[in-house]
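Note that the chains take the letters A, B, C, D, E and F in the order they are written out, and that residue 1 is the start of every chain.
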């Protein structure tokens, strides 16, 4: 079994926050993604004295660290942000547009390199959402149609 | 198998909070327990717009509801508190004092009524903590000693 | 201490979901709120066989239950939805518009009835977000300014 | 939009546990399901003094409550179990056996009654797992094949 | 206080997943453990757009990384897996078989090196579960008996 | 935008725990903080076989690692603790004492270096709690008063 992936260097920023209005968290994530973060997510944690805090994790390219640190220090209540460098194994991927009965939907195609399952398809959420609202059909019906159409579409790796 | 329990009526208060400094939560729980709440706990939840909120649940005797509602409205940011009535099955229980090599520890005894396991023992956390700090031994060692001593102590149901 | 609230009847719908693409959850909540739900939130749970599922809770007016049930059955993978009726204690509230140095921000005012803290202020998130993006200032700075301006504004209960 | 469901009465048992070895939880759930519980799940909670507890929720037919209470009191450390009665809206459902390239897989079929999405298919996890291990293919590939085969199979409501 | 542990090098693999049927997670963990992972666990997280995702963490020996990466890419929906190297402090440990009134139970023995608590005992879950089901006694009763018997058993460090 | 922070080296200790009485966790955290830990928090996780475990994370100065490892091995049930080194970006900070209508409250001042938001204020929880209990006013009212008084106080960076 051969899996086709390449390696990249990635910086992980983390900080635990226990004294900020939770309404601010989605805004912070929005600003981080707009500022170049590759991903950002929150984990509920239990901090000292039984406080229900949140651990913020941000994945970033090394060159964006300064800017993202400034966003965190400006928009959150934290006094310290931890940083580490990791490697990330990334699958080769490409996009295709599936023509469904509800309209076009972009589909991400990932190449695992495993002979038994040459490709994996992930319909783009925003496209599916738009088609579902336009046509008044369930979101999962649009996903299903996009997956089915993608499997019949010819594709080439990026 | 016969289990020995009695029923009581209990009121459950719940409210989801997404816009309060999380540092306040342990204080709210402290005030609720001081105000007669039987128990109170927090659950991390995901609220609208992806906010990491907290669901506060309070268990109370029906007669304490007005006072506990006032605590919640005064100390939290919520605008609405839900209330329902439930029944609670409660095991018969009593206390004994176990004499351990680290000093005395109160132990809660519960009577399940199951012939194979006539009683269950729960050493009191605060007593174990006090003995562990006094003697410089691990907390779990004090628990272990208290359980062992309790099993050798005669006891009668409440 | 007198707290000023009124009671209303509320229906709670709940269902545990362990076999649905998690990308669909925010869409389901969006559809439920658009369909009249008063609130909707998600709790991470551990279901049988160790599955990381999600408990969906929806708060609704009794008259909206049929429609919201149809949304849940159409958009999620669930086969059963539980329903119960609860009472909800609701604080009297009103809105004011605070004039801040960053522009106008609507602020929710809640009347707890406690003499020591006659009112509580909650700046509207969407207004604060809009002002923060327009002016390039931190979100919490807009909240702070809105709270400060609200405290100087005259107001009357709804 | 008409959704086809019927109502049944259901009992919900709940208890918050903060002093039991977490290894016991899956065993408790196994015993509860073997004892007739319709479902059982765990939620991480923050209990008093900052303890990371677990809320156990059990769904049951009213006639099984006595037995399930005895299981909880015998197998867990709890001293009290709350009970409430709810209604549950249940979709009509049936089973079919999908013939896939990896072997037979049972598929649950749910009838939402919505004209746009007459049925929903859920391949049975245990069948998919067995086929995946037998054939050395990814689990999701078996799910995909079962869904595709189910959509081509004729079926009749239960 | 001297604690007796040795150091080993360990690789940590992590990936956040927001678009996979949660039913697959326990299967992924089963495959990872069967493929040599030292441990694997899931954390509920809140991903962008408010999605309730899951962070998968896998601990592995460096030599198993290629194989475990292939399992993750084949069985999950992820497109990228992060990797870092850490050190792990491991206590010396051994096994003994405790003879209880319910039958034999293996018990893990850990040597903390602390003079006040020379050893720690952990009864093996699967053995306790088997004895509990055979004899129809509570699981915790078998644990209790195994701990008690272990403390009377002579043992030697590995 | 310039943010004023300095870098320090920090050690992170982590261990996943699935077989310890959850009552012990707050005690472990108390002992770790008393032993020099900079911070410590808990995350609910799902471990193998569906166990609701807890991931303990401890932040420490490199010189305290030996002692903190001994605390973890002595007080918890773990057999292995992972360690990694990270960098931490720390904001410049100082303290001031705000004179409020409820009495003095220490306030932490953080210097983000952003011209638009030169400082951030965090009232000390324990001071606010003490004033709230003394005066019988809501905790958030004391926070509000402390923030307002802090903004009028002259201050100099540390």
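Here, a residue touches a chain if its C-beta (ideal position, glycine included) is under 8 Å from a C-beta of that chain, and two chains touch if they have at least 3 such contacts.
Chain by chain, the UniProt names read as follows: A, B, C, D, E, F = TIGR00299 family protein.
As the structure is a prediction and not an experimental result, all values here were calculated from the model.
Touching chain E (TIGR00299 family protein) and chain F (TIGR00299 family protein) together: A, B, C, D.
Listed here as common contacts of chain A (TIGR00299 family protein) and chain E (TIGR00299 family protein): B, C, D, F. Ranked by separation of Cα centres from chain D (TIGR00299 family protein), the top chain is F. Of all chains, E has its CA centroid at the greatest distance from the CA centroid of chain C (TIGR00299 family protein).
More inter-chain C-beta contacts link the pair C-E than the other of C-E and D-E.
Between the CA-based centres of chain A (TIGR00299 family protein) and chain C (TIGR00299 family protein) the separation comes to 26 Å, rounded to the whole angstrom. A separation of 39 Å divides the Cα centre of chain A (TIGR00299 family protein) from that of chain B (TIGR00299 family protein). If you average the Cα atoms of chain C (TIGR00299 family protein) and of chain D (TIGR00299 family protein), the two centres end up 29 Å apart. Among the residues of chain A (TIGR00299 family protein), those touching two or more other chains are numbered 19-21, 23, 25-26, 29, 42-44, 46, 48-53, 74, 77, 84, 114, 117, 120, 125, 138, 140. Of all the residues in chain E (TIGR00299 family protein), the ones that touch chain A (TIGR00299 family protein) in their complex are 16, 19, 43-50, 53, 55, 69-70, 73-74, 77, 79-84.
On chain E (TIGR00299 family protein), the positions that touch chain B (TIGR00299 family protein) within their shared complex are 46, 48-52, 114, 116-117, 136-138, 140-141, 144, 147-148. Interface residues of chain C (TIGR00299 family protein) facing chain A (TIGR00299 family protein) in the complex, by the touch rule stated above, are 20-21, 23-24, 27, 74-75, 77, 125, 129, 132, 138-140, 143.
Listing the residues of chain A (TIGR00299 family protein) that touch chain B (TIGR00299 family protein) in their complex gives 18-23, 25-26, 29, 42, 44, 49-54. Interface residues of chain C (TIGR00299 family protein) facing chain B (TIGR00299 family protein) in the complex, by the touch rule stated above, are 1, 3, 5, 10, 12, 25-26, 29, 33, 39-44, 59, 84, 86-91, 93, 108, 110, 112-114, 117, 120, 122, 125.
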